[in-house]
Each structure stands twice: as structure tokens, then as C-alpha cells.
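Below are structures written as C-alpha cells.
You will see chain A twice below: alongside chain B first, and alongside chain C after that.
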Partner chain A sequence: MLRFLGLRVSRALLTMVLVVTFAFVVLRLSGDPALLIMSADAPPEAIAAFRQAWGLNDPIWEQYLRYFSAIFRGDLGQSMRDGRPAIELVAERIPATLALTLPALAIKLGLGIPAGIYAALHRNSFADRAVMLLAVAGFTVPSFVLGLVLVLVFAVQLGWLPSGGQESWRHAVLPVLTLGIGGAAVLARFTRSAMLEVLGQPYMRTALAKGVPWARAVRRHALPNAAIPTVTIVGFMVGSLLAGAVVVESVFSWPGVGRLLVVAVANRDLAVVQCILLLVAATMVSANLVVDLLYGVLDPRLRSAPRGATA
Partner chain B sequence: MSDIPLSAMPAPAVSAPPARRQARVPVLVVLAILWLVLMLVVAFAADLLSPFPYTALDLRNRLSPPVGMGGVWLHALGTDELGRDVLSRLITSIRMSLLIAFGATAISAVLGVTLGFLAAHFRGLVEQAVLALVDFQASMPFLILALAVLAFFGNALPLFICLLGLNGWERYARIARGLAVSAGSQGYAAAVTGLGASPWRVYGRHVLPNIASTLIVSMTLAFPEIILLESGLSFLGLGVQPPMTSLGNMVGYGREYLTRAPWILLAPSSVIVITTLSVSLLGDWLRDRLDPTLR
Partner chain C sequence: MARLSRRAALASAGASLVLPRFAIAQADQRLSVTVAVQKIANSNTLETLREQSNVGTRHGGSYGEALIEQDWLGDLRLQPGLASAWRRVDDGTLELELRPGVRFHDGREMTAEDVVFSFGPERMWRPDPTAARNLFGNVPGRTQGKAPPPEAAAIARRTYPGFERIEVVDARTVRFVNKVADPALEGRLSRTTGMVLSGAGFEASSSWLDWARRPVGTGPYKVAEFRPDQSLTLVAHDDHWRGRPPLRGIRFVEVPEVASRINMLLSGEADFACDIPPDQIGAFERSARHEVVGGPIMNHRITVFDKNHPQLRDARVRRAFTHAIDRKAIVDALWAGQAAVPRGEQFDFYGPMLIADWEAPRHDPAEARRLLREAGYKGEPIPYRLLNNYYTAQVPTAQILVEGWRAVGLNVVIEMKENFPQVLSNQGGGTATGRGVRDWSNSAAFNDPVSSLTSAHGPEGQQWQINEWRNEEFGRLSSVLEGSMSLDERRHAFRRMLEIIEREDPGYTVLHQTLNFTAKRRDLPWKPGASFFMDFSARNWAA
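For the complex of A and B:
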């Protein structure tokens, strides 16, 4: 178990190092930030001063090490636009994003998992077909289309709800629905196939053959086994709590992390982009780590054998 | 739906019932194939089919509604704020979006298969490095990575296609590595190696054809994702840049006229939805037919 833990934690750390390196390399490859930020006809001494101030004249490995140590000190640079620390800019947007993504996650779990289980248990029934049709539709409809259609119906035609902004809870209804419906569809589809796979396993037949009632066999044997693949995707959803609403926030002009990211990308405000990238990566990696540990809890077989990269 | 293409997560394949009625193709799949053929024809014959150049202005018919909503046949799907014909723009957009999706799918398949084969061939350190990259890619929401790269490098069409080509390579890499490793333990690869074939020949001529059906199925399953990704980024104004146009781009533009001229947005939206739906249906069906083991 300790070995399992150590392996997973070191893998997570390695991934984080890769992300940081990725951010650094891409940042350095992308050309001279001095020229990006300053206009082309800025006086040379201003550019030189900018370079000096941001440490752009030092050797590349020194910049890399400094970059790394700065990150460990929680210093993610300043927004090149307004000079405030990037981490501050991002942090003040986090509550707004969570206000959308947490309720949406609840919808996904509360709707998607039961629907998937029900569909699997009643395979080929009308309800199963309906759930699957909705599920396929749910992930082929892009979020911006779903969001805009909801706006068209509930804001423009019916006038029940506002179409954008963040003044009251009513403003959150449409974005939360947009996020929740699509995610629930994906989760339902996934849960269903995980359940179907498990229901076809020999141990289910054995359980039924030795006289275990159907409901009990499902509860004791099918659900725990089907939980393992489902936990993976739920982990992914938890990991994308911060980053999962980029498009939806833009559709609904919701001032969250995603909106900030889009604006920062458009303005090429690299410090902010980096900060969000690292934050998202950290969330994702931690969520994956928790999922990996949960595997160990859910499936004792995985505790001893080191897992390959087949997760 | 969530911005991160969760459909990216391979749904565990249902062990397909041993269907013997293989000749019958479900109606929905037939419809899907017909739609995709139509899209391909449109993409290839875009110049012949579009009634107007996609940038042509018709200032006397601005915001003209489509036929059926009080419009005229001159502009069957209506026009936008500048009097540009929605149908013509739609046709050009379909070509652009399909070009990007095909290009990106091809790139990610080639990249993934190459890395997967390298890992399977050299094992050891190379394999560990590839697996670490796979882990990295799989653990990051691709949209965020893509946005970061776009922020750093700015945007140009070839770069954009290559960037989208990085989406999903890790899945091909996993499949190719896994299948190549198991092929290595089967007789045929060892046999041709024993006959003196170079690794290029072994992997290119013998292993690749044996895993092709699995790869084709995963390409079909990845294709809608790329379309959604491209249209999402273009919708945000960070993908295909004007004056070029793509489906997502049109939706982003049409959003401004949501109340006054919803047709600008509805036409490309429906094309996106129907196309991704068709490819998904086709992919699911192919998976069940060709490769029930694919996960």
C-alpha cells in the first residue's frame, strides 16, 4: 500500500513538473515578451529597462530555476497589463466560477449516475433508449450552442430569466443548467456502459446462480464494481471545477476564471495565463491523485500491483 | 455541457452481444452516413455550390430572414448584419471546419501511433518518457493547454491545426503501444524480424495493418471532439480568425444578433450538432462492429 501511494504521489509531482516546464518552455519559445507588451516603436531604452526588470537578460537555465523557485514561493508573476499579482487576479475570480461549477457538478452526479444505472438495469427498454438518445445529444451539442438556445428560449422568448451577468442567483440558473445537462449526459452514458460491462461478468452469474436476489446482487456486486470506471470520470469532473466553464462563462458574461482566461489569452497577458494554467493543472493532478487513492479503496487488487499507464 | 470534452474519456465498451444480423445497418447510421457524405460533397464543391462569394456584401438585403421566416429565395438562409449570404458563409465554414478536423485528426493519429510504436520498440527509458507525456496530456484539460499555447504564440491557421492535432494523441499512443507490445509476443512480428525485416518494415507493413481497424474506430470517435474544440475556440474568438470563417466563428458572430437575427446562429449550430452526432453514431456503430474490445 505504501509503495502504491509513493508511486502515485511521485507520478503526480512529475506531472506538475512537466506542466511547469511546459509553461516555461512555451513562454520562452513564444518570442520576446518585451516586444509583445511594449509597442513596436517603443524607445530602445524602455525595452531594455523592461527586460532588466523582468530578468529577461539572464541565461535561460537561470531563468528556469528562478521561475521554479518563484512558483514554490507562491509568486506567479504580475499581470503585465495592470501590474497586480496574477495570483490575486485569479483568486478573486475563483468564487464566481465555483458558484457555477459546484451546483453543476451536483446536477451531473444527481442526474447522470442514477439515469445511467437505471438505463443499464432496464437495457433496451424505452427508458433506456430515451436516456441514451439524450446522452448522445448531450455531448454532441456544444456548450455554447446549448447555452445560446437556452438563452433564446428562457431569456428572449419567455423572459423568465436574465441572459447574462452576475447580479443575483437567477443569473446563475441558465449557466448552471448548461453545464449540468451536458455533463449529466456524458456521465449517464458512461455509467450505463460501466454497469452493462459489470452485469455481464461471470461473478454476477455466480451470485445469481447461488440464489442471491437480483436487487442484492446489483447492490453488492454490480454497483461497487461499476463504480471504479465511473470514479475516474467523476474525478475528471471534480478536477475541472476551475477550468470547466470557460465557454459557458463567456456565453453568459459570467466574471469567473474562464472569462479571465479568455480575456488574458486575447490580450496575451502571459502571467495570468500561466497562473491559471498552473492552478488548473494542480487541481487536476490532485483530483487524479485522489481518484487513484480511491481506486485502492474500491479495488483491493490494485493496492499490491503497481498500475501501468492504462488508467 | 462541460467545456472539457468528457467524451474524450473512452466509455467502457459494452461487450457486444454476438450479433449475427450483420448485414443490416441501422436506419440512424444510414442517415448519419448520408449526412456525412453530403458534408464532404459540400466541402469539396464549396466554390461551385455557394451562390455568392462568402464575403460579398448585399447592403440592400441586410438581416434578411431565411425562407420560411419571411425571407426571399435569393438568400435562402437569410443574410447577416452586413448583408452577407448565410448559406454561402455556411458552405465555406463547413469546408474550413472539416479541413481543420481532418487535418488535426490525421496529425494526432500519426503522432500518437509513432510515439506508441517507439515506446513499444525501445521499451525502457523511451517507454517511460512516452508514458509520462501520456499522463501529462491525459491529466490536463486540453482546452486550457490550447488556450495557453494560443496566448503564447498568437494565432495562424497552420499553427491552429497543429495545435488541435495535439488533442487526443495520447489515446492513439496508448492503443498503439499496447497493441504493438502484444503483437510483438505473437508469432508474425517475430517471424518477419527473424527474416531480417527492419523495424520500419515490421511496424509499417505488419503491425500497423493489424491494428488499423482499432485505430480507425478511435479516429472516428475523436473526430467530433476536434470539431467541438475548433468551434468552441473559434466561438471564443481565439480560433479561426476573420475574414476566414468556420462554424464556431459564425456562431460567435451570430451571438451578437441573437434576438434580432437568430438564423445567423442557428444554421451553423445545427450543422455542428448534426455533424458531430452523425460521426458519433457512425463511430459507435463501427466500434461495435469492428472492435468490441476497444475501450
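For the complex of A and C:
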């Protein structure tokens, strides 16, 4: 178990280092922040002074090492555009994003998993086809289209809910639904196919042949085994809690991390972009780590299986 | 004599404390409005010496006012602002009588010293290039300073090219003293860069950035909260010299998506939605509750050339660009024929300075092909930089332009950029400039060609300063246009300058006059002016 844990943690750390490195190199090579921050009207000596002060003239590897060592001191840099610590700017926006993504996650889990299980248990029935039709629709419609349709119906036509902004809980309803419906559709499809695969396994036939009641066989044998692929998807969804709403935040003018990321990238506000990417990577990697550990809990074979062996 | 019991006396005393507040609250029945805009400020500041943009113009006049104003709602004349009167002392000196009883948002009365501060070194002329490093962030071990950003002096020089000093004559009179004669001094003073701001407010701020995000002006609304990239909240400045403003507050909300802005209006979340593309106007025509208002403003959409680009060094190639543009097709296809093709970079309100017989280059593909043949152009790629609909219908306009250019053999490659600094950057072209052709617009802030032609393209203009386009004769004539007091001489110089920059050695070419459309609640008595500025003062809120 310790080896399993050690491997997973090292892999998580390596992923984060790669993300930070990739983001650093791409951002440094894709535009000069001095020109973006200082405006084209600034005299060359001012731009040179800015570059000098922020160390932008140094070789990229030197900048990278400086940035990397600062991370270990807990310093994620300062916004060149705002003058404030990047982490402070990002932290301000996190509650707004979580206010959308957490309820949306609840909808995804609460709607998607039961719908998928129900469809699998009633395979080829009218209900199965109806659930899958809705799931395919929810899965394929892009979030910005779904968002605009919801706004047209519930805000413009019916006038029940606001169309954008962040003044009250009512403003969160449509963006949460937009995020939740798409995710629930994905989960429903995955859960259904995982369940169908498990329901066809020999151990299910054996259990039923031994006289185990259908409901009990499903509960004790099908659901836990079908949980593994579903948990993978849920892990991915948990991992994208911080940055999974970029498009929806733009459509609904919701001032969360996603919109901050868009603006920071456009302005090459390096520290802010890197800070967001680091946090997103950390969330994603942590979620995956938890998922990996859950695999072990859900399937004891994974805990003891030798390296390279299939479960 | 009526007797008053102790309980009644206490009740009366209590009521006397409560009632006035209640009465005030009751009296303030004014509306607060929400305005959905695509962008609040490009630079994330409200200081007009840094925020030189169309989007910043929209709200600048609500919190800050200049000594002389432009009548954007009427006949575009200059009219008294914070100066109640003015007179020429000589060709380079203007004496202005300050309006009494003008109060800043901090309650202080405006004085001549505030005018001195507003045009003084602390705000305009003393940017410290080395201080720039700390302007937008604390480099470890240093602190943010109060020096203005380095571009402030460049912008100030461009706006007031002959400025020497502000002279205080007495408590209510100041003199704007120029080093040279300037026929357009009054107009220059009407620009938003010349808004009078509180010197004490500047002193009280902790840094330049702090100040630039909460400037203390005299406008009918004061800055209550500015959340960069999100919202700007203004509240009524009830001590305004024109009387109480008609609105309790104005909230500008940044909504980048046009569909979202329209939805906010339709659902009642917003009262105004700005930058409505012409193809959306029809959606409001049958609406009982909403309408689209607006029309031409004193701004032209132009396309700009970098004459240092290897393929554009030959003026004939640039001239080919200007002849390959079907301006009428753009206006008809994207603006329902409502936008005018301007007579070059000039406006009717230039009055005696208007060169009435001047025209934009005619659409003549054969001439364009001939010029390219003569120039020996062999189809080498030329970059064309643009933003994603920063200007209304910018991308479809670019598509029409590119097709027109391709039709005559110009190999133009669109480069989508994320912001203006990227558009203006001269990097990306190897040893040569990376800039080729780019989109721009040009506003006339007052009724003289120096407001648009020299300020954008002359020696102090951005195009010249970033070494995109320079022309020696044009530079010399800029001095004549800016400094001569002879109408004939100025008209002659202006005509020749148009010949140079629009025909002989093109620096830009005009596309069409800008139309600015705003969707709004039908019941709100607000009217659009001939500028991006949205005037919410009492003079523009009468039923």
C-alpha cells in the first residue's frame, strides 16, 4: 500500500512540475509583458526599466529557477497589472467560482449517477432510451449554447431568473444549471455503460444462479464494480472545480477564476496566470490522487497487484 | 398653554431625529441604472492620461469635467464647462474664468491651484521612467510610487504640444500659457485629459495606481467602486454645480459577449446595453419596452499601414490597398447603408477647415493591380492585425477587406491579437517590423483637424512615435496646422497633409464613419450624443 501511495504521490508532484514548467515557457515565449503592461506610448527607456525590474531580460532558465524557488517559499509572484500578490487576486475569485461549481457538482452526481444506473437496469426500455436521448443532448450541446438557451427561456421569456451578474443566489441558478446539466449527462452515460458491462459479468450470473435476489446482487456486486470508471470521471469533475467554468463565467458575466484567467492571459499577467494554473493543477492532481486511492479501496486487487499485472 | 408630557416630549424628540432621515430617503426616488458594456477600461485605470480609449470615453465625463466642454448633444460647439468664460490674451495664451461654487467629490471647492495641479508635473509632465518598474507592482524591496506612468508625458505632449505653464492670475482666474501660437487651444482644453482633478485627492492617495482607480473630480457622479475587469459604480454627486444629478447611481458592468449584454437588457438586469452591432437592431424594432438609439459619432474606422514593413515600403503597394477597398460594400453589408464614407479623415464640424472637395480613395481594383505591378509586388505575405470585434463588426469588416485585397493580388494574412499592445508591437517580423496593416479608429475630440490628424499621425502622434509611419513634409506641415493663426495657411497645410497621408505616402486609409448604437429601456429619457461619451447629467435626462 505504501509503495502504491508513494508512486501516486510522486506522479502527482511530477505532473505539477510539468504543468508549471510548460505554462512558464509558453507564457514567456508568447508575448512581452513589458509592452502589454506599459502601453505602446511608453518611451523605450521606461519599457527597458520595467523589463530590468521584473527580470525579464534575464535568460529564461534563470527566470524559471527564480520563479520555481519562490514557489517553495510560498511566493507565487505579483500581478504586473494590479500590483497585488497574485495569490490574493486569485483567492478573491475562488469563492465565486466554487459558488457555481460545487452546486453544479452536486447536480451532476445527484442526477447523472441515478439516471445512468436506472437506464442500465432498464436497458432498451422506453425510459432507457429517453434518459440516453437527454444525456446525448446534454453531452453534445456546448455549454455556451445551453447557457444562452436557458437565459432566453428563463430570463428573457419567463422573467423568472436573472440573466447574468453575481448579486444574489438567484443569479447563480442558470450558470449552475448550465454546468450541472452537461456534467450530469456525461456521468449518466458513463455510469450506464459501466453498469451494463458489470451486469454482463459471469460473477453476476453466478450470484443470480445461486439465488441472490436481483436487488441485492445489484447492490452488493454490480454497483461497487461499476463505481471504478464512474469515480474516475467524478475525480476529473472535482479536479475541474476551480477552472471548469471559464466559458460559463463569460456567458453569465460571473467574476470567478475563469474570467480572471481569460483576462490575465490576454494581458500576459504572468504571475496571475501561473498562480491559477498551479492551483488548477494542484486541485486536479489531488483529485486524481484521491481517485487512485479510492481505486484501492473499491478494488482490493489494485492494492496488492504486482506492477504491470492487470486487475 | 398646551402641556407636554414627558413621554410625548421623548416621542417628539425621537421622531425629530428619525423623520428627516426618512424624509431624505423618501425624497431620493431617483433611479439607479445598470449599463452593460463590453469593456470598462483597457488599462484598468480611470485616469484619462493612461486610459486613452473609446471604452474609457464612455464614462470619463461622468466623474471628471474639463474647463471647456464640447456640446456632444447639440451642435458640437465648444461651451463653458468648469470655466464660465474665456478670452484670448494672445495667440498662445488663453485666460479662463473659473466657475464659482464648483465642488469636488471630496467636498472641497475647486480652486485655481487644482487647475495648476491638473496640468502640472505631478500629473502630466514628470513621469519617472525608472519609477515605472514599480507602477503596477511591488518589486521586492521597493514600494509603489506616485509618479505618473511613462506614457503620460507622451500623451500630454500630444494633447498640449505647446504647453508652457498654467498661470494663476487670481483666485478665480487662470491662464493657459503656450510656448507657441495655437489656434486650437480652446478645443484642446475640452479633451478629457484636461479634466480638473483634486490636488488634495491626489495627495491623499497612497499611490498613483490607487489615485488612478479613484480619481477625485467634479463630475455629476463620483467613483464609488471600481472593480477592474468587472464593474464601475458611480454615485450621484449631489453638490454638482449643475444641481442634483438625475440618477442615484450608475453601474457599468463588463459583459464581453454581445448576446449576454442584449439578454441582460431584455431580462431587466441592465437598463442599457452598449455596442450593439447593426444586425441586432431588428430584434428591438417590435419591442414595446426597448429601443436602439444612436447614429454617427465623431469617429472614423481606419486601417493603418506600417511603412517599414518590407512589402509596404513602396508607397504604391499601400496605395493599392486603399484602392482595393469597396467601402460602400462594407457600409451596405454591415451597416445597412447607414454609415457614411467620410471625405478622408475630417468631419463636417471642422467648419471652415473642412476640405469639402476631398474624397476617400475610390474603389478601383484595376488601378490597384496596376500599382502592384509597377511596384513589383510578387504576392509576399503581409500581416494584418486585428482584435476580436473590439470595434463593432470589426471581424466581418476585416473579412470583406481581405477579400478585396486578395482580388487585386495582395496576399494579406490575418493575425488575430488579444489586445492593443500586441497589435502595436513591432516584434514578430524577424529583423524587420512584425507590423504590416492593422485596424484602428480615430476620434475628433473637438472641431479642428489637429484633434484627429496631427494628434494621431503627427510627430507627437502614436503612429509617428512608435515609428509606424513618418513623413518629413507631413511633420513640417503639422507645425503649421498646429501653430499658424492664418485660416488660409492652415487650410492649405491641411489639404497637403491629406494628400500626403491618404494618397502619396499612405499612413492609413479611412473606411467609414463610426455608428454607435445603444439598446436601452424605451421609458428612460436618455439620448445618445455624437461621441462614445454617455452623458447621464441632468441636461440629458429630460422627458
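Convention: the second predicted complex is superposed on the first by the 294 of 311 C-alpha atoms of A that agree within 3 Å, B and C clash if a C-alpha of one lies under 4 Å from a C-alpha of the other, contacts with A are read in each partner's own complex, and residues count from 1 in each chain.
To be clear about the criterion, a residue touches a chain if its C-beta (ideal position, glycine included) is under 8 Å from a C-beta of that chain, and two chains touch if they have at least 3 such contacts.
Since the model is a prediction, treat every value here as computed from it, not as a measurement.
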item	value
Chain A as common anchor, with chain B and chain C clashing or fitting	clash
Which of chain B and chain C A:225 touches, first, second, both or neither	neither
Which superposed partner A:23 touches (first chain B, second chain C, both, neither)	first
First (chain B), second (chain C), both or neither touched by A:259	second
First (chain B), second (chain C), both or neither touched by A:148	both
Touched chain A residues, chain B compared with chain C	B
Touching partner for A:97 - first (chain B), second (chain C), both, neither	neither
Chain B versus chain C as contact partner of A:248, first or second or both or neither	first
Chain B versus chain C as contact partner of A:178, first or second or both or neither	first
First (chain B), second (chain C), both or neither touched by A:49	second
Offending stretch of chain B which, after superposing on A, collides with chain C (from 8-16, 80-88 or 206-214)	80-88
Where chain A meets both chain C and chain B, residue numbers	148, 151-152, 156, 250-251, 265-266
Contact footprint of chain A on chain C as seen in their complex	43-44, 50, 52, 127, 129-130, 132-139, 142, 144, 149-151, 154-155, 207, 209, 227-230, 253-257, 259-260, 263-264, 266-269, 418-422, 424-425, 427, 462, 465-466
Residue numbers on chain A that touch chain B, as the complex places them	11, 14-15, 18-19, 22-23, 26-27, 29-30, 104, 136-146, 148-149, 151-152, 156, 178-179, 181-183, 185-187, 189-190, 193-194, 196-197, 200, 229, 232-233, 236-237, 239-240, 243-248, 250-251, 258, 261-262, 264-266, 268-270, 273-274, 276-277, 280-281, 284-285, 288, 309-310
Residue numbers on chain B that touch chain A, as the complex places them	1-7, 9, 11-15, 131-136, 139-141, 143-145, 147-154, 174, 178, 224, 228, 231-232, 235-238, 248, 251-252, 255, 258-259, 262, 265, 269, 272-273, 276-277, 280-281
Residue ranges of chain A touching chain C (in the complex, touch as defined)	31-32, 35-43, 45-47, 49-50, 52-54, 78-84, 148, 151-152, 155-156, 159, 162-165, 250-253, 255, 259-260, 263, 265-267
